[in-house]
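These are the structures in question, set out in turn.
Both complexes shown next keep chain A, but they swap its partner, so chain B is in the first and chain C is in the second.
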Partner chain A sequence: MAVEARAAAAAGAAQTPLERLRPFAEAFGTLAVAGLLLLAFGLTSSVFLEAANLRNILVQITVVAVAAIGETIVMLAGGLDLSVGANVLFGSVVAADLAVRQSLPLWFAIPVGIAASAGIGLLNGVVSAVIGIEPILATLGTFLVAAGLAKIILHSSWIVVDSSFFADFVQTKVFWQLPVMVIAMLGLYAAASLLMRATPFGRSIYAIGGNPAAARIAGLPTTRVRIAAFALAGAFAGMAGVLQIGQLGIVSSGNTTGLEFQAITAALIGGLSVSAGGVGRVERTLLGAVIVGMIANYQTIRGVPPNYQQALLGGILLLAILVDRLIRGRA
Partner chain B sequence: MRAAARATLDKRYLDAWFLGAMTVGAIVLFRLIEPSWLNSQTLQSIVTQNGPLAIVAMAMTFSIVSRHIDLSPGSMLALSGVVAGVVYRDHGSLALGLVAALGICLASGLASGIFVARLGLNAIMVTLATYIWARGLALGFTNGDPIVVDTSLTSVVNHTVGGFTIVAPLVLGVYLAGWFTLSRTRFGRYTHAMGGDPLGARRAGIRVGLYTTLIFVLMGVATWLASMIVVGQLASAQPYAAPSLELDAIIAVIIGGTRLAGGEGNVGRTLLGVAFISILNSGLLNLGLTDAYYQAYKGAALLAVLSAQILLRRRIAEDVRRRQEHERLLAEARGYA
Partner chain C sequence: MGGRAPNPPAHGLGTTIPTTPQPALRMRGISKRFPGTLALDAVDFEAAAGTIHGLLGENGAGKSTLLKILAGDYQASEGTIEIAGEPVTIASPRDAREHGIGIVYQELSLLPNLTVAENISLGIEPTVGGRIDASLLKRRARETLASIGVAAVDPERKVGELSLAERQLVEIARLLTIRQPRVLVFDEPTTALNHHDVLRFFSIMARLRDDGVAVIFVSHRYREVLEICDECTVLRNGRRVGHVQRGEASLERLVALTLGQRGEAAFSRAWRAEEDAETVLEVEGMAVGSRIHDVHFSVRRGEIVSLCGLLGMGQTEIARALIGDGDRVAGSVRIAAADGLPRTAREALRRGLGLIPEDRQAEGLFPDMSVRSNVSISSLARIVVAPFVRAIEFARERALVQGVAERAGIAPRVLGRPMRTLSGGNQQKALFARWLLRGTRLLVCIEPTRGVDVGAKIEIYRQLEALARDGAGVLVVSTDLPEVLGLSDRVLVVYRGTITEELDPRGTGEQRLLLAMQGGAVGEKVGLVETEVVG
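Here is the complex of A and B:
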């Protein structure tokens, strides 16, 4: 007994302070970064901390944050989805086309739009999990297909959605003056978090992302779970597309350029393990999206041109990967 | 026994045969739809236009064989051209512009290499960051407008020999050098080893950090060369240039039969992959499609070819396995008799 205790004490002493901080840093590092940024931006800008501006940040990140839920789930399963941006566009185009150009009721148009995006996700799942094309290549192919289909439906034009239902996403406030779409985003994150933590499906995604071979030997239906993960990511992309109709009031082909990379960046800043699946939390991706949104908002307040904002986003992504490595240590 | 040996031999060239058939199929299909397509003039313009893609795809082969990947060349090509353009515009010296562009390409390649090799960061994520910031800088430096670079570079790049521009022999030279390096030198052998078994390569004493960094620097040089061709051809530096060059290059390498998992591949196959992508792009554009149909058809064609390739590969592997099983049983039966 005494020997064991001494050995344990020795092991504890052998840990450097950084190593002892590690679990803590993993759990609260992102939150601390968000807090520090909030403080720094608040001290250096008079408008940043105004309630209206903070609310504005939440509205601005909603579309990316919802699409990033799906991206996170796919990355947790060990994949990568480059088709998310095009898929958000596809879902919004289908829903807007049915609702405005075909004058069909919204209860029909919106679910069909989400289902169309889920269909692209399903295609991702089938070509990568069943046929075996690497996810990065498969989703590159579906990226082209989804973007092409969306533009074909658009007829190289745009769709103005003049509907009180969609306008209410931004205009109707629920509580704390937060608009409907922000509440929807929070609800979707709560649902996804529950799904990943408390259901067999969520646990098997972690298992497959962490060690695919072990998951298969343990009897998990790896192919089916991977397909479901991609299809679910497609459905979240479709929901993000519907929310975007409400946010912008117009659907055009430039709406979602680069959105997949913003979603990946949000997930990575949220502390998703970079090199392999199986590590990370869906709700932290929301924190990642908030951080990206705060930085973009602050740059706009400070008058940084959008092109340089993009350059800085790349730098921030690189920083996030570096910090991830420092916290987790060498793999 | 001889039949089995022949089957394994054929298997080695299966990807090449398959891709050759696909390319011929695409040519025939596009000719049927549009009989005037592909005369000697189209062929020359295909080679000229896809020279930059071919050069970047050669370097991408090294990257993928070593089990990495590089998403930076499209954005870096634009940034490299813009840097050359800005220096030329402000100082009037083309040579200085070329050197500055080479400098930024080398620096970016070196940085990515160090991040991946020394700090062990994931190459997809590091080069994804470059993909984002490099395009942002290219757009920021120019406010999104092209810079006119009407210099001797244009006349050099457009100089024709026997109907082909200087780009054709340049690409040929790059591929000969790439083939020699990847299959005949120590650097090439180590590239294969690192991709096949990274830990084993390290334990065998290969300086993995050094060679990995070299591979990213090689991509920097290739990107610079490609960007100078593009600037010369357009007589201007375009911040929006080469919007999805990296994706076409990766597809060319993979369709050529090099595995994304690393450890094997050669640049000859990549050239075949580039030929297929070039034919596909040219044929689709020649149909006078809008951007929308072009994207949708291209995506569908890529998915179909990649799927067919994998299914065919699996079928052949199954075939070989079954034949070996059969021969094993035969040998066993002979033993009993």
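Here is the complex of A and C:
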């Protein structure tokens, strides 16, 4: 036993260069990548660094970025939520249906839409944390449920939302010419960051994601926290849905196709792991979303056809995961 | 049992076959050096064909190293190995197999999703025209299982559905199918088995012996060794300290050989609880499943009580049942004057109980969180701004954690670092600090110093004593004899699922304690165990 302990100590002392890089990579890796891309794109395109284009990128990423907040929280808790995309749609459909077709006031329609998405999240939490079904399977099921419910409400049609309130999301600029929805996104990130950093709930999420067995022995209410994480992710999806109404002005079932994967991609590029929770930061997911947005925008500027863009984004995601593995030494 | 002269061997297991002049296995002058340690020092070990040979010794005595050399996992620094008189080199596990050496480890290597038959023939599947011959596969499995007297295991069942005992049988059958071994090692095979399965296991070992295999039985259970082995070899600190033939062996002799003469206890207590302190834990008639029964004990404020038994005797299950981890728990439990057994860890905590688990990495630590967060995680309610303002007040957290970290002997500068960067000793101290901060009434520690260096051990003992001094009761589960004797106010010996003896560590020697753990009494003439009729 003494021998093993010594061997372990020796192994700990001999760090590879990659391992020594790890703390820096964790703290600044995503930021550095974002900076490098900004530089590279700026040098190779004359329009990329224009203020209007940069603002445009932020508007483009808002919906995915807000949905990715919830995705990040679930992933930090050691889960995965495949239902976010459908849940964004569900929230926006409920809100738009109540506001436009039922002519109910917005102060009612919007909270109900968000609550509907939170309800789907709650279902995710109960199915995975209480019944014990793998989150990836549970949320695959609710993905179909949410998408189906949204289509039922839509009646195979769409809802045009002609409301100055929603139009202001994009049109009204608050400061630095940034529109309301971008400010809302930044505000939600700030709130989520505080929640994860400075509350017992956030601590518990990290603990449960990092080591569920230890979290139980430490006396944390593991089931409750997991359910709350999923429900919260649902609420963020609902908020993303409301923002999307403002961005597009129309609610239709094609709005959110592939959104869950964009959200997961943003979280992964921001340094989260699908296989293990407990490591990562919400604000880095925002950087991940910005990186995804910059790449998409640059490709559009360069005239890359949309189908190629998707394949390229997938390649970048694989690269990000590979680099992460190398640095963290997780196999 | 006590007082009987050596019985004639039960169920015909004990007939000694005369040692052949050429032993099946002869290891001579085996030394193994690791950086800074001599794990084995010129050890001789011989096992004859057609005998069962016990290999005994404490943890760290060198048994595993010797086995790993035999298995081809390690290379000896010095020494020679002969198989049936022929000098051999065992450079890899493959070499070991080719020389007819088979080892059954505690961790079995079966694939749970395959059937028994598929596992037995894994890698050597019989084929017809390129496809696996399923009927031959099954027949082969049935025949091999029958050859060791096992008819009850269905070859078509999935291995994952079998009990541990049954899986061991499959593992043996697999070894036999690959190649009839000349030397077959069983590494603590009976630790997790009940008495019935142990007897079945013995009959298989006897059968293999009668087939001419040199069987090596590694065990901490000396009664079993005495029952089944023809001879045994005892290692201590990397040396061979004894070789005993069947007739000469007794529990006391084996215990004395294992431990030798040792000096002072690991720790000497500076403070002890008052005799009339109030009780924090009272357990009456506890039973857990079918393995633990009739457990009665209590722990007072300020007391350190040890549950001490050989691995698998049930002490860990008793401790874990207290935090709601038991399956089918019966009996009455009183914790800090409140009745009833906690059903979940969370409830146990609310009742004032804390657990230091045996596997720190798996159940104790949050490796990527800071040491500070690891300490405060069980006291989150104490570091929020107000009960209804659930925001963490970082200044308060810092101050509180710093306070307990000092008491636990953790340097303040490491508090901000990720837990995984700390040494084993410091990690364990951080877990203590967690419970210091929470203020537990009863701390249950399972193997608190496992994998911790000597200096840190003493500090952990001091921590436990300090905790007791602050008024907590401490329940320690440990198999480390010097630790148990140096640390405890009372020692409760657990044997076969119940507490069989209470010892006062003052005036109790290690040999006396180990003898009690083996289920033996002083002066008892044990050449053989009581034989129980199995239904």
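Of note:
By our rule, the second predicted complex is superposed on the first by the 309 of 331 C-alpha atoms of A that agree within 3 Å, B and C clash if a C-alpha of one lies under 4 Å from a C-alpha of the other, contacts with A are read in each partner's own complex, and residues count from 1 in each chain.
The criterion applied here is as follows: contacts are C-beta pairs under 8 Å (C-beta built on N, C-alpha and C of every residue); 3 or more make two chains touch, one makes a residue touch a chain.
Note that this is a predicted model, so its numbers are computed, not measured.
Residue contacts after overlaying the shared chain place A:38 against neither chain B nor chain C. In the superposition on chain A, A:279 contacts chain C only, with no contact to chain B.
By the touch criterion defined above, A:143 reaches chain B but does not reach chain C.
By the touch criterion stated above, A:54 is placed in contact with neither chain B nor chain C. Touch criterion met: A:199 reaches chain C, while chain B stays clear of it. Looking at the superposed arrangement, the partner reaching more residues of chain A, out of chain B and chain C, is B.
Once chain A of one complex is fitted onto chain A of the other, the partner contacts of A:216 are limited to chain C, with no touch recorded for chain B.
Overlaid on A, the two complexes show chain B and chain C touching no common residue of chain A. Residues 80, 127, 131-134, 136-138, 140-152, 154, 156, 258, 261, 264-265, 268, 274-275, 305, 307-315, 317-318, 321-322, 325, 330-331 of chain A touch chain B in their complex.
Touching chain A in their complex are the following residues of chain B: 69, 115, 119-122, 124-126, 128-137, 139-140, 143-144, 247, 250-251, 254, 260, 290-300, 302-303, 306-307, 310-311, 314. By the touch criterion stated above, chain A contacts chain C in their complex at residues 1-7, 9-10, 194, 198-201, 203-204, 206-207, 210-211, 213-221, 278-279. Considering their complex, residues 34-37, 39, 59-60, 323, 345-346, 348-350, 355, 357, 362-369, 373, 376-378, 380-381, 384, 390-392, 394, 423-424, 434, 450-453 of chain C touch chain A.
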